[in-house]
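What follows is a group of structures, each given as structure tokens.
Two complexes follow with chain A in common, the first pairing it with chain B and the second with chain C.
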Partner chain A sequence: MSRWQYFLRRVVLAVPVVFFAMSLVFLVIRAGPRDPVAAALGQNQNPEIAHRMRVQMGIINPDGTPVPLWEQYIDFMTDLVTLSLGQTWVINRGASVLDLIIARAPITIWLGFWSVLIALLIGIPLGFYAGLRPNTFPDYFASFGGIVWRAMPNFWLAIILSSVLVSSEGLTEDLIGVPLSWSDFLIETDVIGTASLANLGDPVSLIAAVKWILPPAIVLGSASMGNEMRIGRTAVLETINSAYVETARAKGLGRRVIVWKHVFRNALIPLVPVISSEAFVLIGGSVLVETVFAINGLGKLTFDAVKQGDLALAGGLLFVFAIFLQIVNIVQDLLYTLIDPRIGYDQS
Partner chain B sequence: MSETATTELPFRERLRENPRPALLWVGVLGVLLALEIGAITSVAVTVVSGLAGAVASAAAAVLGGPVVPSIGGAIDGALTSAAHVADGLPSLLSRDVIPNQGYQTPDGTWHGTFLGLEPKYAWLLRLVLVYAYMFAFLWWCWRGYRVYVRHYRFADWTPRDDMVDRLRTHRWGQFGFVVVLLFVGMALFAPAISPTSADQNIYHTSQYDVQYYDADTESVETIAVLDANLDSASRGAGTTNIGPWQYDQYDRFHPFGTMSNPGQDLFTFMAYGARISLAIGLIAIGVSVVLAGGFSMLTAYYKGLVDLSVVFVSDSIQSLPGILLLLLVVAVFQSHWLWEIYNGGLLLALAFGVVYWPGLWRAVRGPALQVAEQEWVDAAKSYGQRSVTTMRKHMLPYLLSYLLIYGSMSLGGVIIGIAGLSFLGLGIDPPTPEWGRAINTGQDYVTTPAWHISLIPGILIVIVVTGFNALGDGIRDAMDPESEGEDAGAGATASGGGA
Partner chain C sequence: MSMHSHSPASVDRTDDALLTVENLQTSFFTDKETIRAVDSISFEIDRGETVGIVGESGSGKSVTARSIMGLIDAPGRVVGGSVRFNDAETVERLARQYPDRTIDVDELRTEHDVADCIEQLLEQGVSPAKLTDGEQDRSDVDPVELAREDIVTMRDLVERRFTDELGITEKSAFVVRDTDGGYVDATHASEDAFRKLRGRGISMIFQDPLTSLNPVYTVGNQIKEAIRLHQGLQGTEAHEEAIRLLEAVSIPDAHRRVDEYPHEFSGGMRQRAVIAMALACKPELLICDEPTTALDVTIQAQILELLMEIQDDRDLAIMFITHDMGVIAEIADQVNVMYAGELVEKAPVGALFDAPKHPYTQGLLESIPGRHPEEDRLRTIEGDVPTPNEQPTYCRFAPRCPEAFDACEVVHPENVGVGDAEHTAACLLYPEELPTDEALEQHRSLGATDGGDQR
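Right, the complex of A and B next:
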């Protein structure tokens, strides 16, 4: 099977999964115990608005007769396929769900990008370092630190970090006698709130945007960082004891060449699924991290939609996330075949 | 097998031949149980009344009508009287026997506490005794196993002996085991180890009084717990803050300090919060273990279309992050009758179970496929044994250990998840205590003198989750020493990323 055939097959297999997942979402939203209109409008609903909303959502016909559930289902799924995700009723009444998602997405992508990058840049080197020096103090320190770091709930870490940074000036003055303010460091930025990503081409605003995103990105990447460290360590330990490394050593190759050329490259393979599974952590974690740091991204939008009962918006968001995660999964499988040609296309 | 079966006496016979060690063991066990009979029955009544409440509200929602309330009332009455009986039964290690609440007169003596000790030491004594009791009890159960092995077991050696030996040298797993025990003890003995009771401190604060010595009037005064709590709340800079290991102005001792609003004792909140975390974790893992175990056997036994459809369903559930599905469930079911039970606890536990089983199923699918290939399964099949019996007798025992490992590892994830949801205000509703809500109430005070409100619950979550992960690691290494690698369970280990 060629790479393209394999790719096509993966795409075709992903379609029914998303389809079925969205059917479940439909069941929960439309056939569940909560009336989506009542959820959005609350107790004192204006009957006229409620009627318009029902018609617009396709729950009743304009003349007031209810639309059967299977017809609603077909409409719901066709709307998803054609990306007409409807309107929001609570967060930004009347706005299109798709527009809202597109408007909020860049910030979450920015956050996700940095959290993946930070986790990679810290987690993998630390894991490799620990793996090259097994059972030494630095190894124990890094391993144990990774285990604990990974078990920290994101939302708690976010609270602690944001609070410490917000009051960093007073804290450092009390502790070391010199007031060091994180907000004034390099460029003035807020810890809590959303920064503008308008012109990243300008170096000053780029630095500001990076500095602003660093704390939430570190929190969001924390669990993955710990995972990458643990798995990187094991992978290095396994490769370093393998036969071809021994052969290379017997040939008289220098340690530097062995480590860089033979150990590290092979040790990267088991890290691929960890990196891609980070996407799940990112989306789930962004709900909490964005809420704590008051970042107006997709995570906070999801939280607001759920909290305020905007089920149409919540459904649309879930659809976008499901598609995104399927894409990540497919890319992961392709990466596998690129990194290690021995991994066949037939194994999925 | 048939040869040994003829010479092997049934367990009952072996017991009758040499009853002394068993009787001794049972006697001591009886004494241990009798010491704490009150606490044990009260835990049992709590569980039963929780179940009955769930059944009653389910019945009320499904059937409705006038019959159900009367039955429900009768059950409720019976349970309330059972609770009274349970409260009446003596417990050696209870607040009544070792009270830690009293007041100090100016001459420095304490009144009302155990032997006139300082409340701090009275409480500490009770805490230490409760845990000592728990560990003694478990050690006695372990003795029971040893007695069985020495006197009654037919085989000289079983594979389990090797497992036990491996666990005995596995320090990391033992650390996890101890942490898990401390957590479970905190949950089970919450009424005994917390400095004050939940009823006094969380649910009915206006109905209880606290006595203290007032220096102004130079006499012993009485104040409602509600008002005392409001006065002793920790609200950050510029107010009075009762930090960890401090007394408040009413001579009450707070091992973890007080909370911000309305000034409850944080330790009591955490101890009762451990109960709900553990209950939800166990129900959720129970549901997902049953689903995952059942599906893994079905798919491994039948393969083909059954396998494909379960792959399909589990992939679909896993195609979205669990926390988002849970959020959606919370949003939709918020005014449903299921939500009423345990302040949303039962529904959340079930939802967690449904969200978690695909991960668990993926983890045990490999072993299930392996065992389905074994000759004994084939033999059972060709003897015409029914498929359900084959699965139960010849596949399940092999899978149970894997389910145990991954279940233990996922439990930490459920605890983090439920705390995260409660933190967002979409989990367990007040007044039922939940760790995530404690973190939420303290989030504005992290860098103030009231830092403990957020920090302590978070640290406890980290420790408990690490403990469950370590326990899972330990069991895995004990059962399957060849899987020494760390990545075997990495997919299942709980991490803070989920919430």
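Right, the complex of A and C next:
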């Protein structure tokens, strides 16, 4: 089977995976202990309103008989396929779930983009640099740094970094005698809170948006950065000591060609799953980081929806996450297919 | 076997060998010890000749090859001796590229008097034995006589790098031009210059064809890389040349195969592709580091046949490393036997198999399967190759040697002639015609001269 057939097969296989994931989500939401009506109406609910709500949610028929679970399941899945994700009952009563997600998504995408970028642009080059100079001071420095970044839990780092930045003016005055305020640096921004991402085309607002996102993005990308650094270093070391690199040297190739052509591409192969697995860290981490930095993104929305029992919203978000992760998996397969010609199903 | 003819008018001795390895020493420096992986070995390879290097694992065969190629990485380093590559085209090419690092021996001859140089060196405390390469060891040698009798020539002084000590040549110079054939001193070449020597000039194929090709590029891509670098062909021309080379190493359907990846090739095919890649560099010398060890016997025979064919077609010199005496018998003209970093026996292949002199060689030959069909067990040499981690003042093979005697612990055996001129062995049992104490004395005095060379 050719590489591209392999890739197509991976794409097609993504559909049942999403289907299965959403079936689990359905079970957790509908068969779980949480009563969505109680979550929306509180303890002293009006029976009539509660009844209407249950009918609207498709939990009971108008005559008061419960809708069988399999019928609920079919409704739930049909709604997902047609993207009618319903409306929220708790967080923002009456608003469409889809609209809410679309409104909050840009901030999270912005955060995710920068955290991935920082990790990629710092972690991989640093790892490759260290790998090309093994057992030298720069290598030890970078490797130690990688372990430190990897070891700092992001909830802890988020709190420490935000509090340091908030009180940066006082701290620097005490330590070096010059008050340096992070908030006033370059452009005035808040450390905690959400900045506007409107008109990013304007350089000033672009800089403001980037400056605002950097601290949370560093926190979110820190672990991945450390991972990529360490795996990158190992991958380069392994590749550079391989027989084909020696053959390339014996051919008389220059060091630059050897590093960029022969080492680089092979060293990327073990990095692909490391990079893509960041996506999972990203979703879990964004919930934490957005909460600590009070960013109004999807992560915080998920946290609130789950905490307050807004099951329709939680279901919709999990659907979006499931699809996102499948896309990441497909991108990972695409990268594999592009980088490594050996990829395929029927390998001996 | 040389392609060069000596001009009778020439005063200097010329190396007619393509590659001359002299007192090559490569050590690995670890925290614990210094491992003398290659410990002062000398041999020559002529054009069109196959020189086999045999020995057990750990005897220093591969390190020798990598030292010649300049592929020794830290913590290893070539610490002494010289590797002289004597190919006119390569010398001219490198001399053009590195004019500042080129020594012109003719120029030196006109500018400096050899006798004066010798006198200066003697004054600097260089021993006469070292200066004359053991030919004269009296302390009262006459510089003028040495120069007049051509015992020491300018070429000798350059080859042994004495001219560096006199300050008339640069330490960094590595290209030597001379009227009849200069050479490239590989041990003095910079990494940059070595790269221009590698591939073109000297090419190498490695033991494991499964890992010698980069898995993420097509076979054609990797061959074309060498073609572009060493033959200057581009695009379609390079592609055609790659196909031609694959055909030359008997890969069927080369047009299709050229665009396939290494994993789509079988083991034998991959080794053929690696050979094609080496040939794409247009080398004069091909170093084969156990190229058939990872292959099964039928494929091994095919590859050996292919190598011999290629050698005939291109007048290629081959340095063939293996631990398989059977393979050596088949392919080699000259054989060097290595043990623990040292060359213990050197002979034409026929002489070595008919009359092995060194007990180690005898042991190796005895342990070829099928030599003693009447015995139930295969004969072996007891014990392992020791790690050569100190300057040898004894025979490194003595602990395993069936013929060892007391002197083996205290006298280091040097290579001495045994039988015909081209056959030498480093064993205290030789020269056979001398009584033991005289033989020992000869080894001692040779060691004293050689020892002076060792840094």
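In this section, the second predicted complex is superposed on the first by the 332 of 348 C-alpha atoms of A that agree within 3 Å, B and C clash if a C-alpha of one lies under 4 Å from a C-alpha of the other, contacts with A are read in each partner's own complex, and residues count from 1 in each chain.
Quick note on the criterion: a residue touches a chain if its C-beta (ideal position, glycine included) is under 8 Å from a C-beta of that chain, and two chains touch if they have at least 3 such contacts.
Computed from a prediction, not measured in an experiment: that's the story for all the values here.
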With the two structures laid over each other on chain A, which partner does A:Met152 touch: chain B (first), chain C (second), both, or neither? first
Is A:Tyr244 touching the first partner chain B, the second partner chain C, both, or neither of them? second
So in the superposed three-chain picture, is A:His262 touching just chain B, just chain C, both, or none of them (first/second/both/neither)? second
Name the contact category of A:Leu318: first (chain B only), second (chain C only), both, or neither. first
Partner contacting more residues of chain A (chain B vs chain C): B
Under the stated touch criterion, which partner chain does A:Leu253 make contact with: chain B (first), chain C (second), both, or neither? second
Answer with first, second, both or neither: which of chain B and chain C does A:Val17 touch in the superposed model? first
Of all residues in chain A, those that touch chain C in their complex: 242-244, 246-254, 257, 261-262, 265-266, 269, 339-342, 347
Given the complex, residues on chain B that touch chain A span 312-313, 315-317, 319-324, 327-336, 412, 416, 419-420, 423-426, 436, 439, 443, 446-447, 454-455, 457-458, 461-462, 465-466, 469, 485-487, 490-491, 493-499
What part of chain C is in contact with chain A in the complex they form? 69, 71, 195-200, 203-208, 211-218, 225-226, 229-230, 261, 263, 274, 277-278, 281
Of all residues in chain A, those that touch chain B in their complex: 16-18, 20-21, 24-25, 28-29, 32-34, 39, 147-148, 150-157, 159-160, 163-164, 166-167, 170-171, 222-224, 226-227, 230-231, 233-235, 238, 270, 274, 277, 280-281, 283-285, 287-288, 291-292, 302-303, 306-307, 309, 311, 314, 317-318, 321-322, 325-326
